[in-house]
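Right, I'll just put the structure down here and ask away after.
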Amino acid sequence: MGIRVAVAGASGYAGGELLRLVAGHPELDLVAATAHTQAGTPVAAVHPQLAGLELTLGVTEAATLGDADLVFLALPHGQSAALAAQLPGGVKVVDLGADFRLRDAAAWERYYGGAHAGTWTYGLPELPGQRAAIAASGRVANTGCYAAAITLALAPLIAAGVADPADVVVVAASGTSGAGRSAKAHLLGSEVMGDLSPYKVGAHQHVPEIKQATGADSLSMTPVLAPMPRGILATVTARPIGRTPPRDVLAAAYADEPFVHVLPEGAWPHTAATLGSNSCHLQATLDADSGRIVVLSALDNLGKGAAAQAVQCANLMLGLPETAGLSVFGVAP
Amino acid sequence: MGIRVAVAGASGYAGGELLRLVAGHPELDLVAATAHTQAGTPVAAVHPQLAGLELTLGVTEAATLGDADLVFLALPHGQSAALAAQLPGGVKVVDLGADFRLRDAAAWERYYGGAHAGTWTYGLPELPGQRAAIAASGRVANTGCYAAAITLALAPLIAAGVADPADVVVVAASGTSGAGRSAKAHLLGSEVMGDLSPYKVGAHQHVPEIKQATGADSLSMTPVLAPMPRGILATVTARPIGRTPPRDVLAAAYADEPFVHVLPEGAWPHTAATLGSNSCHLQATLDADSGRIVVLSALDNLGKGAAAQAVQCANLMLGLPETAGLSVFGVAP
Amino acid sequence: MGIRVAVAGASGYAGGELLRLVAGHPELDLVAATAHTQAGTPVAAVHPQLAGLELTLGVTEAATLGDADLVFLALPHGQSAALAAQLPGGVKVVDLGADFRLRDAAAWERYYGGAHAGTWTYGLPELPGQRAAIAASGRVANTGCYAAAITLALAPLIAAGVADPADVVVVAASGTSGAGRSAKAHLLGSEVMGDLSPYKVGAHQHVPEIKQATGADSLSMTPVLAPMPRGILATVTARPIGRTPPRDVLAAAYADEPFVHVLPEGAWPHTAATLGSNSCHLQATLDADSGRIVVLSALDNLGKGAAAQAVQCANLMLGLPETAGLSVFGVAP
Amino acid sequence: MGIRVAVAGASGYAGGELLRLVAGHPELDLVAATAHTQAGTPVAAVHPQLAGLELTLGVTEAATLGDADLVFLALPHGQSAALAAQLPGGVKVVDLGADFRLRDAAAWERYYGGAHAGTWTYGLPELPGQRAAIAASGRVANTGCYAAAITLALAPLIAAGVADPADVVVVAASGTSGAGRSAKAHLLGSEVMGDLSPYKVGAHQHVPEIKQATGADSLSMTPVLAPMPRGILATVTARPIGRTPPRDVLAAAYADEPFVHVLPEGAWPHTAATLGSNSCHLQATLDADSGRIVVLSALDNLGKGAAAQAVQCANLMLGLPETAGLSVFGVAP
């Protein structure tokens, strides 16, 4: 008998990836998966890639979920707080939504609207001190997908005093699963294939989270939708302070990390190499003309950017080996 | 200490998938990986998705490989025989090439050219009697990717006397990894994206293998290159004999199989649901206008069509649980 | 002053392609474009590729359209009859829907439901006698996209007595624009990229149209959704009668056609080569193992399969050069 | 009889697009197309999308080309100078390579190597004064594809004193046709589909051209390969000077331009809308957090980024209407 785990919001893309990871995890038992409009439907009818998984989606409510040792919440932003409040205090929770990520209530209200629900332990184990904090927490707020890619690229450089926090410029492209599974005309395959499409230019809601996690003071972030189901590639640039090569700082910061790989010099991260894994690939250099630091960061938005990262946090919270049930390696080509 | 495994031809796509599966297998130790022109290169430089795997490609020769308990050969067609002959007799071998699949030497010579190397146990465990034969064999010839998809769809129907072997018509589309990793202009991304392209129309070299494995007497097979890295979708049609619903025959044949899923009625296989897995999804019906049996079969050409299937065979040969190190579930979306 | 043309149903994919072609046509003036829910919206907001076209979508009703010399109807199946009945008799009409394609009212009712609206001149100029019939007609029913690809491949072979009409087997894959622009979850980019997905297996509504147009007596047709925005590749197989090479029959049938190209021997049609054009590419051979005739046919489902074909018909109806405003050449890569 | 035009380097992607545009141009006659290794091959065998174009590739030499009124050179960088020197002085030339774009010989030698061939009129008609200069020139150096996208986005802002030239940061993603048609393993469809891959990070050879054309003093440019055949999306950011809205400056600069469209507020450029056209779509805003100007620019790298732009220049040089034979509208979806 393994540890009992439930997934709320299991009909979406992050939910489906959570089901895949939990079902294949050597120490976890998937005891419940819930959804809103698709409650009552077999999981494999909603996620055909899970054919063979005999489980029916339940209703997303505390009664269905509270019997688990740990619950993953993969709900739309703003819906986690009410459900989390109803779960027994002894049930551990990892929230994949944005509700509990920010420390600054005003920033929450400005970008998401509504009242700020509170602040949970931030679920990025590779930040200094955060691994222990997650292990000691009953409630963890998983990072956003863009935030994971950008924070892993930038936080060590600002912390080391090597990158200037004053004028960070980021362009980050995401596969379409980052936009969710709701049927919207602009996300149809006919529209997105062969297309690069920027969105929320000038004011993306993840900016306060990224500033909080990286220490950046000013951040221009332009998100782009790319014609692929999964993957984030973030190009992060900042002005250098001093002459320390940025790659050296990153290599030192992640030398012992199982899931963050600073690539050999000359090799650049690309998204396909991370598909299905919990890995983030990094590389950094100085731009010849402008002198700027340029860091490239690639990960799977549903992996290290969402579901796999959440399982990594859960492993820590449950006292399991941090890498249990997770793959370092991507599925490619 | 696990069982010692080596992969020859590790620089190609099937080779890379073998490395991923072996590296993640709970009972196998990856002791050597070899290649031709890329010998001496770190594995992760050739397969960026394997960043973190500390191994350098060796030279493809018996001295490098013979120390293993089991060797996977992922070499170009026609190159397995010479190498296999040099391996010690106690080393088990799974050959992913075509060299040892055919019983009919004349068919080999006609479609592949050169002398026929011999016939090994055919590596499709789901065929009647084949599971035991594989378990008892030291040398196994893995199925071809198209052959796996088509045989699983058709063999039980012909064996049951429900499908007429006389006039089978197949159209099967494959992702581009099926065409290999050699740099060819017609396989450039610019050419294949947005494109469906038939090839080898009228005379595909896999026809004799498929006829041998399915029992078909006459087979028209048209292969098509599809704009995706992985996946095969085979549409297999045959004239019915009698009135037994073809889905019933398939459902009975695969009721206890972990990797072959006859989908619920109304659900049709599609390739993305099998990505990265060892699963094959099947569905069958009778065409309203023509009365023909129509079976749809989907799998990952590098998974159940090559590397994962090879690991399934290796598990049997080594006395391990058949499903060890393999995923039933696909990585989607 | 050119000939006045209007497009009803201009917000969909076929409608957008009609607008592009009419706006670039040397003899036609685009005087009105209408839509249902998007009436009142600038065309370029609905079709960003038409930035620079100063026109606002009107309401789809006879008052808006009846002032034109010719109206294209690109409406959902079943909606053309009511509107067409309200247009003045002198207004020429090309209907891109299925409403008026079938001669057999029973077949209409079986596959589409509702009452059969009638039968108009079938809009495939390359069929024998059809060019003159279209030129003499005021109302023309444009072919369906699958029907265009399959009929051009098969009709001359059956007419010449070279292909047996008794057991035709077709597998045809289409780009996603063939499924329309409505927001449906299974058509999201995340779902369709990397995926081949069969649909309506065993009973596609285009079968009666294709049988009518080709002369086939029995037709098994399996449609597949392919991960690309445009293009149809049809694999059409039939048993041969006699020994006439099928390519010779096709080459003779289309020797003088500007838009149908029987490729040189050894070259096979592929969809990307037809993108944006009104061309159909064909090739045929005899299968080595089964002896079956195999014809491959490629076209752009929005081009020769819909909008460009409709403009070709309109050119004939209006006494213009048949090729005016149409491209023989595809946009590739 | 039209104006006689020849294309050198016709076997590549830009060459193929030139052939398509010239063959469909109402005033130009395509009299010769030449290539290197594929001389002697029918054009349609090299470019299947041009089936129906009866022309055979000749050898790239002055004797084959010099009989034309205007020659397009679509050769690898560094090969244009020798050929151009051999063409009769009265033959007009548009060079799509980089050889004659730079005024600074040192910059040429640093980024391209070898001796600098000279400087021709820069072929971007929308730059102030450049339209007349092109019309008066016999030799024109077409812009690079990235340079076209970035210059149209940025040059008016720097010229107007609205954007600071001191710290421009650009991330620009291109479809794979920008990488050419040579068979390279990293450009295989299996590698590029589903993948975003940065390249030449920190030192791209187009930087000096872009600085020359835009007036930027410092430019960090990170290029990314995107999983689509065509299209460039450039995200261009700079610090603002004063409070003039950047969109106003762009709207004024391009108010009368047929091919450059500043989109309505709230609409953002995306690449698919420009496919096959000579259009560039632009939008600009101020970033809420950083205050930076953010301009998005989309075009077809083979259209406004190469072949169509070259035809626009040729139209000016030949005294034809600037828009002749070119499409404002993209082929979408």
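A, B, C and D label the chains in the order they appear, each numbered from 1.
Keep in mind that, in the parts below, contacts are C-beta pairs under 8 Å (C-beta built on N, C-alpha and C of every residue); 3 or more make two chains touch, one makes a residue touch a chain.
Note that the structure is predicted; figures quoted are calculated from it, not measured.
Think of each touching pair as a link: the shortest run of links from chain A to chain D has 1 of them. Same-residue interface: chain A and chain B share over half of the residue numbers found at their contact. When chain centres are defined as mean Cα coordinates, B lies farthest from chain D. Distance between chain B and chain C, defined via averaged C-alpha coordinates, is recorded as 38 Å.
We define each chain's centre as the mean of its Cα atoms; on that basis chain A and chain C are separated by 44 Å. Counting partner chains per residue, chain C has residues 13, 175, 177, 190-191, 193-194, 227-230, 270, 272, 275, 333 touching two or more of them.
Those residues of chain C whose C-beta lies close enough to touch chain D in the complex are 13, 16, 20, 23-24, 42, 44-45, 47-53, 177, 193-194, 229-230, 258, 261, 263-264, 267, 270, 272-277, 279, 281, 327-333.
Considering their complex, residues 167-169, 171, 173, 175, 190-191, 193-199, 201-203, 207, 211, 218-222, 224, 226-231, 233, 235, 237, 239, 268-272, 275, 283, 285-292, 294, 296, 298, 333 of chain B touch chain C. Considering their complex, residues 13, 175-177, 179, 181-185, 187-194, 227-229 of chain D touch chain B.
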